[in-house]
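These are the structures in question, set out in turn.
Heads up, the next two complexes both have chain A, just with different partners, chain B and then chain C.
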Partner chain A sequence: MSLAEKILRLDRRVIFVIIFIVGVYFAINPIGFPVITQPWVNDFYSEIEALQPGDIVLVHWSVQATSAEQVAGAVPTMQHLYRQEGIKMIHFSLGIQVDLLDQLIDEGNPAAHGKTYGEDWIQLGYIAGGETACAAIGSDIKGNFQNDWYGTPLNNLKLWNEISGSMKDIKLIVSLSSFDPGSDAVRRQLQVPYETPMILVGGAGGLTANMQWYNTKQYLGMLLGMTDNSAYEILINMPGIAARSTDVLSMLYVVAIVFIVIGNMAYLMSPQRRLRLR
Partner chain B sequence: MILTSVVAAIAICEYYLQLPAVLTTASFMNRTGVILAAFFIGFGLVNIVRSHTRAITTRRPKWIFSIWLLFVTAVTIITGILPPVTQHPYYQWIYNYLFSTLEPAVFSLIAFFIAAVAFRAFRVRTWESSIMMFFAVVMMLRNAPLGPALFPPVGILGDWVLNVPAMANNRAVSLAASLGIIALGVRTLLGLERGYLGVEE
Partner chain C sequence: MISTNIGMWVGAIFTILVWTFLYKDNDLYVFAEYTYVGVSVGYGFAVAVKNIIDMGITPITSGETLLIIPLILGFLLYTNFVPKYRWVSRWPMAVLVGLGVGLAMRGAIKSDFIDQIRGTLIPLVSNEGPLQSFNNILIVVTVVTILYYFVYTVEPNPNSGLGIVSKNIRTLARALMMVGFGAAYGNVMMYRFTIFLGRVQYILYDLLGL
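Showing the complex of A and B:
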């Protein structure tokens, strides 16, 4: 068997081991490759920076443990929001894993930024129904919730009594979405009918699908995947998990490309290729 | 069928007619939809329990996993409803140290398989496959933070792919899907679409 044929029949476990070694090595020893900030990341940053004291932000979560890494921008986004003086946040989730998003909210440490629960932010938690739930929230936020996620009657919370329940109160929708029903449902039911400005944190896989909505200004800014999150962490001067992980991502792409090149060289030199040409 | 048509008509009217009576009715309907959706989560649980109980009693292949599924479901529900509801340390431990770690661990295996599949699939066998391979490599380099930093043309070409061919394709899909949904909606409103009632055409 020629070398080319041996390469073509390479056991996939060899590829698995190489991927593992490269991933672990660059996770432990990051080099700090440069990251390019995309325009939609700058726009995302600017939308949050433009918030004024008293502005109310509706934060939508469709996040689950499987794809939590895809929305690694959640924690820096929360920290960036907490840094905006006097803004109020109302969180709700279209996914049932509210414990996970509670952890992400806590990681941002609202108390350290002077944000008090009930006065500056509220956790409404999970609402069933996906797109229907979004429509219900759009028509009347207050009518759909009696208690917060922790069981406290919402009428006891100061922030809840300050809002009218109309989408006109909302200055910005921040959608953190890694599965359906997610940002598309929020965009269709809350952004389009009420023309509420909306920004998105999502996975890199959604880039091509979401670009069309960014170009039509339905999303005013986006953070999609680890690379965007990394650029954003640097923008807000809080380098975190995304900034540390981009070297791993870069090197894994490089390894995949190297394998593609080696595979093609072996294919071009292999007897089966020559037979096909004849 | 009449009920569906009336509900659909009110939902459409809510968007176009800002009349208080319509808005109140639509809001009530949306809230009803939310309550029904919450109810169906419980219904889904009943369905899973029934399905797996039947698998165990009839000794279907891999029925042992059904026992495990029912056991895990029961443990999670019981610890979840122990006071304080969903905040009990046992429930939190299951979520934080089992679920939150196992789920992404399984998901991350995809990275290994993608690399192995790329090695075998992207071959210059034909012109078409060569073009596909070329753009796959360009997009990989564009998405890797290192790519555009080292080779700026990769970023320019990748952005063009994203903003022109990929965008055109996505818009076509979105528009086609929207027109399809509108057609389905109109058929449902007119009573021509009865598949959801279990009626076969």
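Showing the complex of A and C:
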């Protein structure tokens, strides 16, 4: 058996072990690679910085446990929003795991920023229906809800009585989305018809798909995956887990590239390919 | 400092149980998988019931009687399980499809069609420098050639000059699509690594306090 054939028949578990070792090693011993800030991350930051006291932000969540890592930018985004003085937030979810997103909201530590539930933010919770639900929110947010997610009548909450229910009240939509129905439904039913500015927190896997919406200004800023998130953490001056992750991700990409190159070279040299070419 | 939170330990143990599948399919993995499915279904059911109560039954008892109509339509979906009355479930399904398509079209035409065309109406020579000009040219060339690739109705004679040009455009379009697929594959790898890294960080940082 030639070397090329041996490489092509390499037990995939060897690759898993190498990836695991590299991941763990660099997670414990970061090198400190520089972080590149993409223009869409700067735009994301600027949109939140531009908020004024009294502005209302509609926060959409499509996050579940299996893909929570995809929206690694959730907690820093919450922290950045809490830092903006006097802004109000209305949260809703198109996914059922509201407890998880409540946890992410709390990790941003609203109390430390003087934010109070009912006055500064409201949790509407899970709304079934995806695109239809988004359309209902757009047409009349007040008419479609009576209680918040915890069962409190919304009329008892100060913030609820301050809004008219029109999308004109909403200064910014922040969409945190890692599955469908997600940001696409919000974009089509809330951003496009009402021309409300919208920014996206998503996964690195969504870069190629979402770039078209960023280019056409449907998303005014994006925070996609851990690499963007690490740049964002530095922008808001709150370096956290993501800032430590850049090294690990970079090294994991290097490992993947090395395996791809070696695998392709082995394939090019392998007798099977020569036979196929004949 | 090592976490003393039992929930975190349970999460870490289940992560490791799922990872055992990388070695080979085994009972520990199956246990983790079945537990996940059971918990997800149970949680989903509870949330669905809460949703029906909050968004349907409570408003009806408060006087919004018109909500009975969608509630009844929703229940009619279950006739799908009774062969004799299965046809009834087509009514609510028709409402769902009609409503969904109508709403999707409302946003999609502008978002997915008009704005995308507008997005290609960009200056080929940009004021922002040669790199931006190159990007703009690349966008326009990619969109036009790939759209042409999927035009099946007119095929010029392959031996004519027009046929050779057509073939070359399709070859270029195919190459550009391959670049797109490569980028998408790279994105998928980034997505997988991020999930893996998230779990590693959970165990190392949150659980073991390293």
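The working rule: the second predicted complex is superposed on the first by the 265 of 278 C-alpha atoms of A that agree within 3 Å, B and C clash if a C-alpha of one lies under 4 Å from a C-alpha of the other, contacts with A are read in each partner's own complex, and residues count from 1 in each chain.
The rule is short, and it goes like this: contacts are C-beta pairs under 8 Å (C-beta built on N, C-alpha and C of every residue); 3 or more make two chains touch, one makes a residue touch a chain.
Keep in mind it's a predicted model, so treat the numbers as computed, not measured.
Asks: First (chain B), second (chain C), both or neither: which does A:Pro153 touch?
Replies: In the superposition, A:Pro153 touches no partner, neither chain B nor chain C.
Asks: Looking at A:Gly206, would you say it contacts chain B, chain C, both, or neither? Reply first, second, both or neither.
Replies: A:Gly206 contacts chain C only, not chain B.
Asks: With both complexes superposed on chain A, which partner does A:Pro193 reach: first (chain B), second (chain C), both or neither?
Replies: The answer is both, since A:Pro193 touches chain B and chain C.
Asks: Applying the document's definition of touch, where does A:Gly32 land relative to chain B and chain C: first, second, both, or neither?
Replies: The answer is neither, since A:Gly32 touches no partner chain.
Asks: Which holds for A:Val24: it touches chain B only (first), chain C only (second), both, or neither?
Replies: It touches chain C, and chain B stays clear.
Asks: See if chain A has more residues touched by chain B or by chain C, and give me that chain.
Replies: After superposing on chain A, more of chain A is contacted by B.
Asks: Scan A:Ile241 for contacts with chain B and chain C and give back first, second, both or neither.
Replies: second
Asks: Pick one for A:Gln218: touches chain B only (first), chain C only (second), both, or neither.
Replies: second
Asks: Based on the superposed arrangement, let me know which partner A:Pro271 touches: chain B (first), chain C (second), both, or neither?
Replies: A:Pro271 contacts neither chain B nor chain C.
Asks: Identify the partner contact of A:Ser230: answer first if only chain B is touched, second if only chain C is, both if each is, neither if none is.
Replies: The answer is first: A:Ser230 touches chain B but not chain C.
Asks: Counting contacts the way the document defines them, which residues of chain A are shared by the two interfaces, the one with chain B and the one with chain C?
Replies: 16, 19, 23, 67-69, 96, 98, 127-128, 132, 135, 151, 193, 204, 207-208, 212, 215, 225, 227, 249, 252-253, 256.
Asks: Residues of chain A touching chain B in their complex?
Replies: Result: residues 10, 12, 15-16, 19-20, 23, 33-36, 64-69, 96, 98-100, 103, 127-130, 132-133, 135-136, 139-140, 143-144, 150-151, 193, 204, 207-209, 211-212, 215, 225, 227, 230, 246-247, 249-257, 259-260, 262-264, 267-268, 276 of chain A touch chain B.
Asks: Provide the residue numbers of chain B that touch chain A in the complex, in ascending order.
Replies: That would be residues 11, 14-15, 23, 26-27, 30-31, 33-34, 36-38, 40-41, 85-87, 92, 95-96, 99-100, 103-104, 106-107, 111-112, 114-116, 118-120, 122-125, 133, 136-137, 140-141, 143-149, 155, 162-163, 166-167, 169-171, 174 of chain B.
Asks: With touch defined as at the start, can you tell me which chain A residues reach chain C in the complex?
Replies: 13, 16, 19, 23-24, 27-28, 67-70, 72, 96-98, 126-128, 131-132, 135, 146-147, 151, 187-189, 191-193, 203-208, 212-213, 215-216, 218, 225-227, 241, 245, 248-249, 252-253, 256
Asks: Could you pull out which chain C residues touch chain A in their complex?
Replies: 22-23, 43-44, 47-48, 51, 54-55, 58-59, 62, 99-100, 103-104, 106-108, 110-112, 115-116, 118-119, 139, 180, 183-184, 187-191, 193-201, 204-205, 210
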